[in-house]
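Structure first, commentary second.
For reference, chains read A, B, C, D and E in written order, and residue numbers begin at 1 within each chain.
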Amino acid sequence: QDIIVVSHGQANDPFWSVVKNGVDKAAADSGATVDYRAPETFDMVAMSQLIDAAVNQEPDGIVVSIPDADALGPSIERAVAAGIPVISMNSGSDVSKGLGALLHVGQDEFDAGKAAGEKLASMGGSVGICVNQEVGNVSLDQRCAGFSEGFGGSVEVIPTQNDPAEVEAKVKAALESNPDIDTIMGLGASLVGEPSIAAVEAVGRTGEVNVATFDLSAGFLEAIAEGRAAFGIDQQQFLQGYLPVIFLALNANYGLIPGGNVPSGPNLITQEKAAQVVELSAKGIR
Amino acid sequence: MAKPIIQMENIEKHFGNIIALAGVSFDVVPGECHCLLGDNGAGKSTFIKTMSGVHKPTKGTITLDGKPMHFDSPRDAMEAGIATVFQDLAMIPLMSVTRNFFMGREPTKGRGPFKRMDIKTANDICVESMRAMGINLRGPDQAVGTLSGGERQTVAIARAVHFGAKVLILDEPTSALGVRQTSNVLATIDRVRKQGVGVVFITHNVRHSMAVGDRFTVLNRGKTLGTAERGRITAEELQDMMAGGQELASLEGSLGGTV
Amino acid sequence: MADTAQIIVDERIKKESFGSRLMQRPELGAIAGVVLVTIFFLFTADSAMFTLSGIMNFMTPAAQLGILAIGAAMLMIGGEFDLSIGSMVAFAGLIFGACVVTFGLPLIIAIPITFVFAALVGALNGAIVLRTGLPSFIVTLAFLFILRGVSLVGLKLATDGSTQLRGVRDAVEGDFLTPLFSGDAFGGLFAWLAEIGLVETFNNGAPKVPGIPVEILWFIALALAATYILLRTPYGNWIFASGGDRNAASNSGVPVRRVKISLFMLTACCAALVAIITVMDAGSTDARRGFMKEFEAIIAAVIGGCLLTGGYGSAIGAFFGAIIFGMVVIGLSYTNFDQDWFQVFLGGMLLIAVLFNNYIRKRVTGER
Amino acid sequence: MADTAQIIVDERIKKESFGSRLMQRPELGAIAGVVLVTIFFLFTADSAMFTLSGIMNFMTPAAQLGILAIGAAMLMIGGEFDLSIGSMVAFAGLIFGACVVTFGLPLIIAIPITFVFAALVGALNGAIVLRTGLPSFIVTLAFLFILRGVSLVGLKLATDGSTQLRGVRDAVEGDFLTPLFSGDAFGGLFAWLAEIGLVETFNNGAPKVPGIPVEILWFIALALAATYILLRTPYGNWIFASGGDRNAASNSGVPVRRVKISLFMLTACCAALVAIITVMDAGSTDARRGFMKEFEAIIAAVIGGCLLTGGYGSAIGAFFGAIIFGMVVIGLSYTNFDQDWFQVFLGGMLLIAVLFNNYIRKRVTGER
Amino acid sequence: MAKPIIQMENIEKHFGNIIALAGVSFDVVPGECHCLLGDNGAGKSTFIKTMSGVHKPTKGTITLDGKPMHFDSPRDAMEAGIATVFQDLAMIPLMSVTRNFFMGREPTKGRGPFKRMDIKTANDICVESMRAMGINLRGPDQAVGTLSGGERQTVAIARAVHFGAKVLILDEPTSALGVRQTSNVLATIDRVRKQGVGVVFITHNVRHSMAVGDRFTVLNRGKTLGTAERGRITAEELQDMMAGGQELASLEGSLGGTV
């Protein structure tokens, strides 16, 4: 069978590379031919065109992420109208059904942020920053918004670019100019989480400032294990790549399909669990 | 003498800390050819650039047809009827000969939104004007960058002559020209002068200036050395003034007075 | 420059074929690239790519990019850059979205407002560049950041804190101008063609291609208009002159300032047009719309033969440049190459297309 | 150009002050921008910004950017662009990481290998540009994509599927070359200064600033070396000539091809240096390293007074340009402004800094 | 006659579909000044550019000191001892006078990694050479772009003379020069010729060419019309040949035979 995956994250993004690894594994396991596609940057217009391109090839199934239902809706509906089974993953759990997708595999970004915020508040945090490496990317913005709500205290969003040195300097700057900050929420593990830990160490406040991040990286997990960071939010994105492909393959072969959405996360990785996960993370599975 | 078309009074021009013109006065009357002479770096080009709106004078006044004038751009000067051949020619190498010729003043046909360049007319005028100067173009759409030095200079002259309404300024127009083209340019100066246009002619060649000049103004190190009328000055005197009064005799001697 | 050649008998001119005369035009060199890319995909891509719907599919992004690229090309020919057009897409999208959704204005008012805002920012860019003599690169770069930032703040204001403004599609539903800026044109024709079997249909009988996306029509119209302006009007001549040598042009009486400011305004309006089309198509806008489009537009213009130094290039070249870029980007998704290799292919294809176009032009014109 | 002036008595020269002669140099104009930005932050930012540790904090990213900017500036003076340096950071990082982690090579071998690879790619870029006569913009753009893609694929190969290669810090631990490329220099000095109370300490007695990050030293050394080369060596003269007018330079006997190719290699090596430093500092590398750095480097060079058309600029200008950019980017997190406005401020500050620098230079030199 | 330093045989040069040179032969012997004359667009500049390594000839051979030569770049030609003043001068406007003067052949001091430009020596040589030509520079670090046309030309000539080892090629070197500077250049040609250098001198000015020329070759539409030796041809004959034999009499008459 032919299955096409269209997501909004690039193959070189650490998070999405894990999704893609899940896709590749599913392809190997099911024997289906699977293509993974994504626009060059977070670009909803380009993404809807990629979905159109996928529909044109009339595959046996399409997997999409839906960060903007308005922009992607018509393309998805077109796929459904053409009789192609669609499964949504990662983002869009709320709109997935309405657009005609069979089911959704993923985690709601806002809810995940909220859960993390609540956890960090319960760890004693009252003043937090949310470090966003791609302001304007709606799914990242939602994470910060969820975090704000769950955290309850004062939260400032720190926008940065895709550069670890800059992230470290900016977090350091924020910590130095506002000594009350006791919580750092990063939106990516290797790009934001790891430099944030370095920044906290550089200003000599290890242990006083809780650092947490979305997604995982081996380096960040080691820091969790050593107690230098609080936790990582794992949405087990490998599943978001793996399961929809398997489902669609089964659907194409036997007409089988689960009856409801599959929540792949959120899953907080704290000190106890971190050590086991490191190895898998280094292999691009978690 | 007729009333001057353009009159420049006490023009000064400074570039940063360099004083290029230190007070120059000059005028042009209709139907005359006024030669501007002087050593290299005397300030001739700078002076005519203030006259044609390229530079704003640091000090001094410009009067056109009796009214004080401020040129904000060369376009203003052009619209006042002043056409110039600059020493650097002001050509765009990548553009065709015709497009350079009509740059800024394209002939049009049609009207309203359909007003467009009349390319056929433009090509014809351009080829014809160049032929009148003694250059047979291969084609009007050859890029100016591929013309020879003299061919390029001829384009600039033909253009200025075509658009020169009241005053025609020529900054060393014949420097790169061959014998035949030079004769043509001098004849052209003679012709437009007779039509009542005032011509400003810059050259280092005393013979050329004596051939067509009615008055001669010599610049030296940013100042005027004076103005003489035709017949009141000999070629030798002019030559001496232009060279800044330096001793030429020895050189001249060794080379047989050929300069 | 495409003036009609007057043939004069001259022993110093070798004869040359019609083909080689054709290829000397900057606008036609890029065709070689299109041909090469097409051949490449004919062999490697799914056959769906060159069905009617496949062609529409890659032409849509090419057209959106191309509208920007034609504006960028004209500005580049005029000797300047505008790095803010990508952000301008987001900014104009915000203005437009806010007009129709937040203020509920009809399109007949919202669209002119959007263009006016865009033109004003363009004029501001131009005025700063000309006033201060700073390179346009750095001035418009500042506006790249400023407009992107303002879009973010404005979106948050317009939506109470979200960075995504939705509901545009509902708001413009039924407006008499909507068909001009969104959806597909000639829908009736295509439905009829589908009925008589000339256009493929889905199982449910709807034609696979519901019509020609309007952006493609805008794209073609703009390319023709820009070419006409560049080659056949005095204004076009002034653009070449201003970009070729600013001093020489101004000394020859070209109103360089006016030309350049109007070009900045034109480029900004092209960005606004793309914003209106994409926002209406997508039904929403967000703060990252148009991200990096400024570079893609410049890339398309350069592929199409524009010089970065100004004074040379063509709108038709940018037209084909955008198509090459669009084909390569979308076309790779019709092939079986692993997405990990996507960028390697993108870069390689670009390079090969440009090299080939260059090689053909040199071969044909005999220059070395 | 900074030749010693021979004063000749000449009535046509006005006297000018030492200050104005100083400001005419392209390298010094950018200082005005630095001063302005500093004053701005002195008033608006938290005082922590201008403590020793605050300064080190914004100088570290500025230095990493600056190393690239100096390379980019020299190449721009030589009349070319390299858009692939950002991707080169990722590519060189991969090579370096693979050498030390995957193959376990010592630094003395790994570092030269990294530089050789970078230089080879640079030479390839240069060779294609010179061979085909295509604009370097488009050729290096292709390599922007290609190198980024190759880095991704290479990383996945080197790590069995992850896009992050880790363990560099452990691998280089104890290598005698490590202190040259990572960590802080003059640690002993700073410890001593902390003891005598000249440097602030943490509660545990460790100095707040453990030393000067090595990238800052590399940055300064490179700026000095580049300035010396540009102003005091024949090769520097050739760079200006090649960028100013390629034909004129070549007609005057400058080996333009050799100059340009060596500049491409130099720029690539600057990127490799940044890659080595950042990879060793971070202990890991991933496929997104150096993203968009090519543009930031060009921005810094232009702020510092380089012309995009080539032939004019300075390494010291790029030095200050990088510092301005670094200060503005990091400085805003020390202020109380709403961070949503970040990009607006970034753009506004850039524009103001460049305008001011331009204004000062014109005021002082009296040109109009 | 001495053996030629450089000998060009049957040189052809085509640009795309344009034939600029259709078979030109030419040689230069040590200690002579060989004048190359011809109408605008005749192909003089193209010809000397093939001689100095800028263009590769489409056909034809170049022999240097009896050995066949291929110049791959102007640098090769320079290293073989050929120095050229190009018609477009080959100067970089944004660079200082000194840096332009020594561009490509900078004097150095120090050794190994400390080898650096000897700026003081360079400045001194440059100012001195310019003064010898009759131009007093304001300072050696003035940008060439701010020099006057004649000043700029003088820099190019002074540079070529300074580096001209065996052959010195001058393409219309005096076109923008004042009287004094022209005399200096002619005197300089005379001086270097006496030192045994072969000089190729392109000009449109018959008097200049008669003053220093030993042999005269006239080009017309990409072909040689022939070579004459000094004394075997009069200025008038030369003038007629240069103009391509066209009728000048009428023009000459009206302007008093001044061209």
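Observations on the model:
We adopt the following convention: a contact is a pair of C-beta atoms (placed from the backbone, for glycine too) under 8 Å apart; a residue touches a chain by one contact, two chains touch by 3 or more.
Model, not experiment: these values are computed from the prediction.
Counting hops only between chains that touch, chain B reaches chain D in a minimum of 1. The set of chains touching chain C and also touching chain D is given as A, B, E.
Chains B-E form the pair with the most C-beta pairs in contact. Work out the mean CA point of chain A and of chain C, and you get 33 Å between them. Averaged C-alpha coordinates put the centre of chain A at 71 Å from the centre of chain B. Averaging Cα coordinates per chain places chain B and chain E 26 Å apart. In chain D, the residues that reach two or more other chains under the touch definition are 12-13, 148, 152, 156, 340, 342-343.
The set of chain B residues touching two or more other chains comprises 15, 18, 88, 138.
The residues of chain A that reach two or more other chains are 11-12, 135, listed in rising order. Counting only pairs that meet the touch rule, the chains in contact are A-C, A-D, B-C, B-D, B-E, C-D, C-E, D-E.
Contact residues of chain C toward chain B in the complex are 1-8, 10, 12-13, 228, 232-234, 236-238, 240-241, 244-245, 247-255, 311-312. By the touch criterion given at the top, residues 128, 132-135, 137-139, 141-150, 152-153, 156, 298-299, 302-303, 307-309, 340-348, 350-351, 354-355, 358-359 of chain C touch chain D in their complex. Residue ranges on chain D touching chain B, taken from their complex, read 11-16, 365-368. Note for the complex: chain B touches chain E at residues 15, 18, 38-42, 45, 87-88, 134-135, 138, 146-151, 154, 172, 175-184, 186-187, 190, 204-208, 210-212, 239, 242-244, 246, 248, 251-252, 254-256, 258-259. Looking at the complex, you find that chain C touches chain A at residues 46, 48-49, 51, 53-54, 57-58, 60-61, 64, 148, 152, 161-164, 166-169, 202-204, 206, 208, 278, 281-284, 286-289, 291-292, 329-330, 333-334, 336, 338-340, 342-343.
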